[in-house]
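In the two assemblies presented below, chain A is common to both, partnered first by chain B and then by chain C.
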Partner chain A sequence: MKFLPYKESKAHLIITQHKDVKGGLIVALRDLADTFGYIAPSLFDFIAETFSVSAVEVKGVVTYYHDFKTEKRATNVVQVCMAEACYARGSSEMIEELKNVLNIDIGEKDIHETFEIEPVYCFGNCGTGPTIRINERIFSNINKDNVRAILRNYRMEEEENE
Partner chain B sequence: MNKKTDKIKVYVPLDTTAVSLGADIVAKKISKLAKENNQEVEIIRNGSWGMFWLEPLVEVEINNERIAYGPVAPEVVEHLFTSKFLEGGNHPLRLGDVQKLPFLQKQTRLCFERVGKIDPVNIEDYKKHNGYTVLEQTFNSSPQHIIEEVKEGQLRGRGGAAFPTWIKLNSTLEAQGDVKYVVCNADEGDSGTFSDRMVAEGDPFSLIEAMTIMGKTTGANEGYIYLRSEYPVAKVCLTKAIEEARKHNYLGKNIMGTGFDFDIHLRIGAGSYVCGEETALINSLEGKRGIVRKKPPLPVHEGLFGKPTILCNLITMVSLLPILRMGGKEYAKFGYERSRGTNPFQLAGNVRYSGIVEVPFGITVQELVTDFGGGTFTGKPIKNIQIGGPLGYHMSPSLFDMPLDYEAFLKIEGHIGHGGVVVMDDTAHLDDLARYAFRFCEIESCGKCTPCRIGSVRGREIMDEIIAGKDRAKNLALIEELCETMEFGSMCAMGGMTPVPVRSALKNFSEEFYQ
Partner chain C sequence: MPKLTLNNNEVEFTQGQTLIQVAEDNGVEIPRFCYHPKLSIAGSCRMCLVEVERMPKLAASCHMPAGDGMVVQTHSEKVMNARKSVMEFLLVNHPLDCPVCDEGGDCDLQDMSYAYGRPKGRMNDEKRVIGVKNYGPIIQDFMTRCIHCTRCVRFSQEIAGVPEMGAIFRGSHMEIGTYIDSAISSELSGNLADICPVGALTSKPNKYDCRTWELKSTPSIDVFDAVGANITVNHLNDKVYRIIPRENNEINETWIGDKTRHAMDALSLQRLDTPYVRNANNLQAVSWEEAIKSLVEKLNETKGENNQVSALAGNMVDVETMFVAKKILETLSSHMYEVRTDGFILNNKVDYTFNTPIADLEQTDACLIVGTNLRKDAPLINARLRKTFLKSKEELKVALVGQAYDLTFDHQYLGDDVSVLESILDGSNEFAQILESAEKPTIIIGHDVLSRADDAWEIYKLVQAISTKYNVVSSEWNGFNVLHNYASQVGGMAIDFISPDGIKDIYEKSLNKEIKVTILIEPDNIDMEKIKDTFIVLIGHHGDGEITKYADIILPSTAYTEKESLFVNVEGRVQKTSKVVDFIKNAKSSLDIMSLIAKALGVNALNIDTDVHALLLKEYKEFATLNQAGIIKTKTIKTIDAKEFKLNKAEKITNSFENYYQSDTISKLSPTMAKCVATIVNKGEC
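Moving on to the complex of A and B:
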């Protein structure tokens, strides 16, 4: 048996756990994405073997779904709603400001990998938008004037709430 | 056992919107300040009553009456304590009994009967509020009888296609198969909609009960809930409720000693709009790419894992409870023309009083956005209302007197979809929105049909030119042609109905495109 680094062995454990679940491939991918934020392509072979499919098939499934990323995520993932009800409440201006403040485009990471912006098409929070979610926390009524403060305070606030 | 009797019950919603406005912090602060004041409180995290301008809406229970305060921002909690709100004290934010507020009084809450009222994950509380009475009834009745009631209730699917639910129940019952499945579509991909989310968060047992009834009716012993990943709170509530139901023998083997086995698995999506389409959803549940399948075979004959499957939207499912409790005939007294019963419409976007409005079909768009919505949030006139999600119709004010009725919307080549109503003022640009429709299709297309996969990209590119003022007349003619190709050459509504928002924008707001 080959010695595996901790992270990899943990990933293998997660994958194996869903081996006998019906339709378990997606469940395993979901679990990996939730645990690590992304699905390392180096795992494709092991996943393929576990679920008796080809590695190409695994890749096909992974790349199909927007939630499944194959690269390490930034420390803070800023999800921003791009959909109509938030647009109706002024999200366009907020999104421009968000991109300016972080100096990245939608879908990008900054060079320090501190922030990344991920587009989302509705959080079901459509009555009080514009909506963003930073990591686990969701915010309503985000506009061009308060988005900067929220990002700046973000880490501080997180500590305060611990 | 802990004695809870002296504790003051305080309700603070766990609902996503309430939380986005600070409800978690409010709950923590109330606990902390109560402790400092030597007052014992029991904080119950309920669902939202669906009046978002009042969130976080906090209720205090005194002598079995609930007194509401809202909106309670985290900053005002101290102030509430100064005003002795735990004893029902006066305060500018005091609202009294929420159920007496006109916004709720004017509604007919059947699907949302318990949302806001109960502790969502407490099975005893659920049972105290009519919970599990319909399932008990089901065990003393035949599948044919249940289906007959649903038929008389004239329930049509609330996920968008408005197909009669009784036919699906009946076909699944009649389908041959040793194994059958009940699948709940809680993918709620339409922007501007949140009714599935609010029931999943605020009354998850109602879905469990409804699915169990559907299992009993069709002969299925296993159910799946496909929940979108954007709804983490709903995931927590559903997980907890499923565990509780299992613990109390409302799920699992030999439910309530009746000999009937039924269990439910919760599956979380992975960010794909098309996975809300029933066959794509089935592919996804099977662990595959969520692409659309050709029909037939229909899911009722060959669905999940190749077995007969009844797949319905979450609101369709929970609508079975009021139908079976009051009887199909009574339920069908609500409604309009061929759209019977009630529907939770979702008031969203630039609207002053946003939230859930469950009323019988037939209410006009105008009544919905003025009598309930109070006009725009910004105070400007309403310019446009989009009904039915990203594939929905853009209405100009001259159409606002239309009733919310499936057939009325078909007549203008629109649809009600999942009941999302998105209000916009004059800052909305219809050319932007038409471009967005193509862009959304470009991002979400499953790639199976060329008109959808390529047409969406072309449409977005042409819209970019139109917005830049290039060759408008020629480009608009191209858009018309493209819409036709997409409408007739697409296998599902993703490509097939992207023309709906595009054409309605062009038709009802032509001045924005031709100038």
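Moving on to the complex of A and C:
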């Protein structure tokens, strides 16, 4: 048997768990995304083999859904709602502010891979926009002052963990 | 029969047809992009919308089953407006580069745009652009032009069996692509250029070299393998530009292999164009009269003694040439003529053809493949078996004995040991039960295993015994198939162009200098070392260094696109090629050369004015029936006693590991085939 690094063997375990489930491909992909935050392209061949589909089909499914990423993500993904309601309340300015504070552009990661900004569409929190979401946690009524505080919290958490 | 009203006419249809098929049968053209009669239905382009009475919305006719009493309008105002809108959407992202697009003039989108589109687009935004991908040496991509009909995706999944193409990303970012940028490892990949309705996938070897409307088309027959696919040759000013498939549902449907399609670029390379005679170690260009004169002198020297002249035919020799060559050699009292130059051991006294018509392979329910790589030897037969496999909902049981390879569909690999065949015969192998219970079993025994030097006969007998035991041949069904690799072979065997003891005997006699003169007719698998001491006459269309080194007389002949002659395919179907382009310079067709020799020799009943064809028909009446399977087959079936094999048990059944792309003189010289070998074969993908 080929020896696999820890991460890869864990990934293989997740994939094979869903082997016999009907429509297991999408469940496996979600599980992988939840566990690792992304789906490594190096796994496509194994996934294809497990679910008896072609590798290009796996690639098709992964690229179809925006939330399936194929690259490693930052620890904290700052998602900013850019839909109409939040936009009207200034979410585009919030993005500019976030860029300034974190000193990164959209689609970039900072040097410690701690933060990443991603514009998204609507968390269903339109009444109290602008809205951002960091790691599944929603923050409403964001403005220039509280956004720094929120980010500082995450930064501190990061440092504590270290 | 159920009826429906199509554009105010009542028409009949068979149950299960869709509206687009009914319309096509009745001469009503419905525009379509994603629908292809040989592929599954996607219904994604929405171009084939029609109006069906009492239906709330327009229906996609490719998808809508025809029903009794339906009232269908295919060109009403509502439909035309819908098509106009669909066209506009399809053109939203399509670049306006028809003048530099290879598909221009041959493009469905262009035609439909003229017929149904708006004169002016209303799209003001930027169009999306997709970068260059790499699909290998056969297919050129311009994916920016793609309209996402997914015909290529369905083709690679369903027909070629290499699911390498797929749709990635979503919405307006959707692209058709491969998993990793690599050549499509299918020997049928050239068909992608045919089925693409736009200029997204075009033929790379033909890139920017011709416009389709300038080309003339002539129907002809492919001779690169023994399947005899029907082709249309497109040509201009005596140059063959491209070869495309011609629909024949009995043989190739609408597909052809890559070799058939692209090996023709060698037709204008390294051609022999003048007769040469060796004069003091140098080949000297001479006139036809001189060349024939010196040949006949040499042949006359052999008169009086038996078996001093041999004639060896290559892979692409037509029936008439072999017929005349046989007459010439008989006049010289020699029986050393041979078409099975690769050592094929069957003669025409035993079952030697592919008895199941290729179209009937769709009925089989169990198939045993012995010693052949179907993907290499007959990709179209492999595609047909794959179709059967898919049609039977993966019920078709296929077992492979011989070298393992990817058949493109599920099969059981039984190993490459001869003992496997014995265990099938005595019933101990599990596949024996499958053969036993099958209603229409087939056995395909390959050319490679029947060309072995040692146990070929024994293996053939063993397979015959299996066939007898499991009722593969019955009164309604004949499932015993011998697969040939070369176009000339079945025809040559049918007119007895075979020597009593095969090529081995001829080689031996040549080494012993019993044979003085060897006539090579467009040779392919000749072992020159064995015959180099004889006086070698080469009748050929392409120069091959190895052979021309030893040749004493060279007579330039014409290739398969330059002559009208008969070929017999593996099913025993007589087919005729067409003379598409004119001869190269001074070359003559091999039949004319043979007739010249016959005339100069004074062969009875044969001179240049005789109609060889009529003479052939007089002797072999079956050649009068064209385009029908099973015409040529063995006349006297000698039953083989199954009990007498002397097998070397340790023997392995092997396939010769030649690649698909280079199997004969023409394809070996083809630059495109060389590129295919470099990118596909050497990567171990085919």
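Everything below uses one rule, namely that the second predicted complex is superposed on the first by the 154 of 162 C-alpha atoms of A that agree within 3 Å, B and C clash if a C-alpha of one lies under 4 Å from a C-alpha of the other, contacts with A are read in each partner's own complex, and residues count from 1 in each chain.
FYI, a contact is a pair of C-beta atoms (placed from the backbone, for glycine too) under 8 Å apart; a residue touches a chain by one contact, two chains touch by 3 or more.
These numbers come from a predicted model, not from an experiment.
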item	value
First (chain B), second (chain C), both or neither touched by A:33	first
First, second, both or neither for A:138, with chain B first and chain C second	first
Chain B versus chain C as contact partner of A:107, first or second or both or neither	neither
Contacts of A:44 with chain B and chain C, given as first, second, both or neither	second
Touch count on chain A, higher of chain B and chain C	B
Partner chain in contact with A:59 - chain B first, chain C second, else both or neither	second
On chain A, the residue positions that both chain B and chain C contact, one per complex	60, 64-66
Residues of chain B that touch chain A when the two form their complex	16-17, 19-21, 25, 52, 55, 188-194, 196-197, 229-232, 267-273, 284-291, 305, 346-351, 354-355, 377, 386, 390, 420, 422-425, 427-428, 432-433, 436, 440, 443-444
Touching residues (chain side chain C, partner chain A) in the complex	157, 163-170, 177-179
Touch list for chain A against partner chain C, complex	44, 53-57, 59-60, 63-66
Complex contact set, residues of chain A against chain B	22-27, 29-30, 33, 51, 60-61, 64-68, 81, 83-90, 92, 120-129, 131, 136, 138-141, 161
